[in-house]
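Structures are listed in the sections that come next.
Here come two complexes built around chain A, the first alongside chain B, the second alongside chain C.
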Partner chain A sequence: MSTETLEKTEGGAQSAEGASPYITATFRIRRFNPEISADAIWEDFQIEIDPKERVLDALHKIKWELDGTLTFRRSCAHGICGSDAMRINGRNRLACKTLIKDINPEKPITVEAIKGLTVLKDLVVDMEPFFQAYRDVMPFLVTTGNEPTRERLQSAEDRERFDDTTKCILCAACTSSCPVFWNDGQYFGPAAIVNAHRFIFDSRDEAGEQRLEILNDKDGVWRCRTTFNCTDACPRGIEVTKAIQEVKRALITRRY
Partner chain B sequence: MKIHKYDTVIVGAGGAGMRAAIESTKRSRTAVLTKLYPTRSHTGAAQGGMAAALANVEEDNWEWHTFDTVKGGDYLVDQDAAEILAKEAIDSVLDLEKMGLPFNRTPNGTIDQRRFGGHSRNHGEAPVRRSCYAADRTGHMILQTLYQNCVKEGVEFFNEFYVLDQLITEVDGVKKSAGVVAYELATGEIHIFRAKSVIYASGGCGKFFKVSSNAHTLTGDGQAAVYRRGLPLEDMEFFQFHPTGIWRMGILLTEGARGEGGILRNKDGERFMEKYAPVMKDLASRDVVSRSIYTEIREGRGCGPEGDHVFLDLTHLPPEQLDAKLPDITEFARTYLGIEPYTDPIPIQPTAHYAMGGIPTNVEGEVLLDNTTVVPGLYAAGEVACVSVHGANRLGTNSLLDINVFGRRAGISAADYAAKTEFVEIPEDPAALVVDQVERLRSSEGTERVTEIRKELQETMDANVMVFRTEQTIKTAVEKIGELRARYRNVSVQDKGKRFNTDLLEAIELGNLLDLAEVMAVSALARKESRGGHYREDFPNRDDVNFMRHTMAYREVGDDGAESVRLDYKPVVQTRYQPMERKY
Partner chain C sequence: MTDEATTTAAGETRGYSVDNPAPVIEAPRARRAKTPRAPRMNFEMLGWLFMRLSGIVLVVLVLGHLLIQLVLDGGVSKIGFAFVAGRWASPFWQAWDLIMLWLAMLHGANGLRTIINDYAERANPRFWLKMLLYTATVFTVLLGTLVIFTFDPNIR
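For the complex of A and B:
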């Protein structure tokens, strides 16, 4: 949906109540384009916008009306695809799930790329190391023996055991909020551990031991310092730190 | 320019593309080209479920499912394809479960099922529980599970590679697929992919509407690429408007909300669907519910100061049920509207959702050159394709099914074909069209802006070819689209660089949307009847004598270079079911 469209319709509804919904907000965006300069800079954009709109709407307004070179990833625009994780006012969030009114538009709103992954252009980072860590934890169901004719049975309780970690959309908000990951790119990071958890605690899976051994590595779960940044950052509300702790506990007790 | 060589190339990494890749990678050297990272695909936004007559919670069978699909599609469905869809649904769901998909479970530990629009017991007697689901994020779980299995199978992905052209070579008088041309977003480099088989699985084109549940990236790239090469597009006038989009934003709120007992109400609090569909009520098919909502709004019973929406009421459902079965959509209401669905109804309006039409294929996924001839080596599956299992209106939960059944079939067919054939020579200067398109846009000093043209396109589509259409409104749209297409030739972009040039990408996407919008409007103008998602106020009845046939739209280029849409028609395959009046 275009920003202009939202403006017009929102304006219509609000004018019935007599007040203009628009405010002037400043977006201070970290720009980087190695085709132009090796240095990153902060650039300010002032726009008129309804504070009930999303930060993504503001970025679109800037890109579509002021500066077409502003570059960011986005797709679904409602928090499901995981494309638009970025650092907004110093905190990792999805631009499409953050309303402008919720981040104090009275002051300049800073927007920059997520940390710990190489910035390629403006808000676009190299996601490959992130997905490599994900692939390294065997993020798929492993079973042995003959397949049953029908579905595998699983009780509702067993299904519930790993429900929280099935919500992950691989947006990297958690991993790129983790101070350990900032300093050590070798660390698997919260998202990979969340996805290992999703299978370790799935009653149908038979490769829990292997995944635990992978995460017992020096760059595995023991690097976690339980700062809870990841839990705060998760746009899906996953209790990421708790999941990491459960994996640590499983490593000690070998029960899961 | 780089040249790659693969047995099978798959364009798109949503549900259909990855389901195909899992099959074709086992059988042939496969590359998946996707303009997004695979897990960003819009399959992940699907919520409610995947239909299959597992009969886990009540009596059901695939024949009932076939009938519902044919009836739901207002008899424009090819019945042989619908039968395959319903029969193979059962194994498709079981396959996903074995791949690891965490379905919700019954107390017995089997896959749980719930009600969904248009799915009925014994040919319309009452709603049936046929939708297999994982809370209200079934699409997310399917996308994740398929990606996980692609990782397991070692599928080779080219992420952020945007396919811009289809290569076709004529060999002994037969047009064959030779490969594709792709633009690498990170570098701006152009790549040629030679392939024995190409499968399009690049999704829909809903962004030509303003209020839409579709992602920004759903711009009909696959449809446009083959259409520009002279291949037909089938039934493009049939577009589905999902009844429950978030008011003004269009974000999808699953039909599963009504499957769980949610009720649509007008400003008087009346459960208005009882008037329009006495048996199925709120669970009538989507075309019927969307028209009913707009009828309420037009007759002055809409909600809000402008009377431009109705309410989805979940307040009578226990909060525990909402938390367990509908956690995502209730969170959308809280995040985007500031509304608590436990206590307040949610303002909704129909939202442009799904293209029933697309690239015509047979049941093996082979793309058609005309009504009967296939293009050797070319395949399509999922929303980009038209088999046709959805006819004039798709049933909810049948699209997650479609991508799995026909994604799998296309993957197997394409790989089997690649195994028994040789590479076709690629045309001389294969990237010419793409190089020209990209360079023209990048260097243009034109005065037109992508934003403005896209906005005008979306506004004219919403105003003129949405739920209600007339000859006059469609003609207005055709004329406006023509004007926008002319202005598009004078469009320029601000970003002239090579690296991650999303400004350029949006300009290319707009060109695709304009092509497809024209096909849609021209096809709609010629269909002087009402059927499924295509409702003509000037022809309010279905006309089986003149229009029980699929539209086939071809791009024509005159001697003077002028482009136009030529329409032809294709018979509907009817097997078991004779057309009947459609009531819910």
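For the complex of A and C:
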């Protein structure tokens, strides 16, 4: 779903023994520093790096050895925290899950901040509108009645119903790849709808109707144009557009 | 490691410094807790459903229309005042054309409305483009309806 991996097909004859695994790759990074200039510029960095390393390793190398002012977010560096979503060669990916050999290091590799959100510095964007949309869909279990004394049981089939959307790591790769979100940022965005889907189709939750009403809004699911950018961008392989369509269907069939 | 890596940001300072920073870009169109919510209604859902349903009907109506007008019975050369007058003598073709007119105009107008919402970023152009669209739609629908109902085959 995220990045296609290149499998080595030229069989047998490996390159000369003892040859360096390193290649020289150019990283063309979109730099922006509001304290220096109101304009963003592209800046090239050439580094020697093993193509089996990840883009995040290259960014580390640049920051630690070449230019300490390069600014980007990363936390776990293993594809779980969702901090380092960025636009690499024009597609939204996680820098920590993208191997350099998979994105053609012979040409300059472009790295820029995700679109549709205000850039604060270099690759760091203001995620507040994204998380506001997330909070708006009430992404938590809502129940009525007394608390059970044991865990809330659920059948395997009921759990399977929303299994796909539990995988979201809130990296914003989907929302910031959505052309409708780029326009005015008022659309809830795929990530918020995915996280609403996770509770709307949870048999233990009782606020599905409320969440559906929220997503029935002018800027809710009906602004989705099914361009599938979100499904292509999701580093977790969530079928985002399918989830959005299921919410649309629920809005129509649950009421009429 | 290489000379290319030297920062070019210094060349772009334009007099900005730590004490005189460049203007910070404006906050996005944020949806904050205090932002008043739009009144909840089903209009967007009904619009979405209308597009799907009218689309299905229009496939039949429009393809049938094109087939009759342009392909069958001598093609486009047969169309004249007498051909139109003959067709509109029948309530069936009147109804066909009326339904096609209304569905196609509303379908197209709703599609353009969503496109304007998606592409016009500022509030003012967005409003005026939609007003222009609604005016043109109402005018065309009313004029077409008027013609279908008041058509006089004996006009001189």
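Just so it is clear, the second predicted complex is superposed on the first by the 237 of 256 C-alpha atoms of A that agree within 3 Å, B and C clash if a C-alpha of one lies under 4 Å from a C-alpha of the other, contacts with A are read in each partner's own complex, and residues count from 1 in each chain.
Note that contacts are C-beta pairs under 8 Å (C-beta built on N, C-alpha and C of every residue); 3 or more make two chains touch, one makes a residue touch a chain.
Predicted model, so just to flag it, every value in this text is computed and none were measured.
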| Looking at the overlay, does A:F228 come into contact with chain B only (first), chain C only (second), both, or neither? | neither
| task | Of the two partners chain B and chain C, indicate the one touching more residues belonging to chain A. | result | B
| request: Pick one for A:D67: touches chain B only (first), chain C only (second), both, or neither. | output: both
| For A:P34, is the partner it touches chain B (first), chain C (second), both, or none of the two (neither)? | both
| Now for A:P129: first (chain B), second (chain C), both, or neither, which partner does it touch? | second
| message | Once chain A of both complexes is superposed, is A:L141 in touch with chain B (first), chain C (second), both, or neither? | response | first
| said: Considering only the contact definition stated at the top, list the common interface residues of chain A for chain B and chain C. | reply: 33-36, 65, 67, 69
| task | Note which residues of chain B are touching chain A in the complex, please. | result | 36-37, 39-42, 44-45, 93-94, 97-100, 102-111, 134-135, 137, 140-141, 144, 148-149, 151-152, 186, 210-212, 215-217, 248-251, 304-306, 328, 331-332, 335-336, 449-451, 454-455, 458-459, 493-495, 497-503
| said: Can you tell me which positions in chain C touch chain A when the two form their complex? | reply: 1-2, 4-5, 7-9, 12-14, 16-18, 21-33, 37-38, 40, 42-45, 47-49, 114, 117-119, 121
| request: Would you pull the chain A residues touching chain C in the complex into a rising list? | output: 26, 31, 33-39, 41, 43-48, 62, 65-67, 69, 117-119, 126, 128-129, 132-133, 136, 179-180, 183-186, 213, 216-220, 222-223, 225, 248, 251-252
| query | Which positions of chain A touch chain B when the two form their complex? | reply | 1-2, 4-6, 9-10, 12-13, 16, 33-36, 63-65, 67-69, 71-83, 97, 99, 120-122, 124, 127, 131, 134-135, 139-141, 143, 147, 150-156, 159, 162-163, 166-170, 199, 202, 204-205, 237
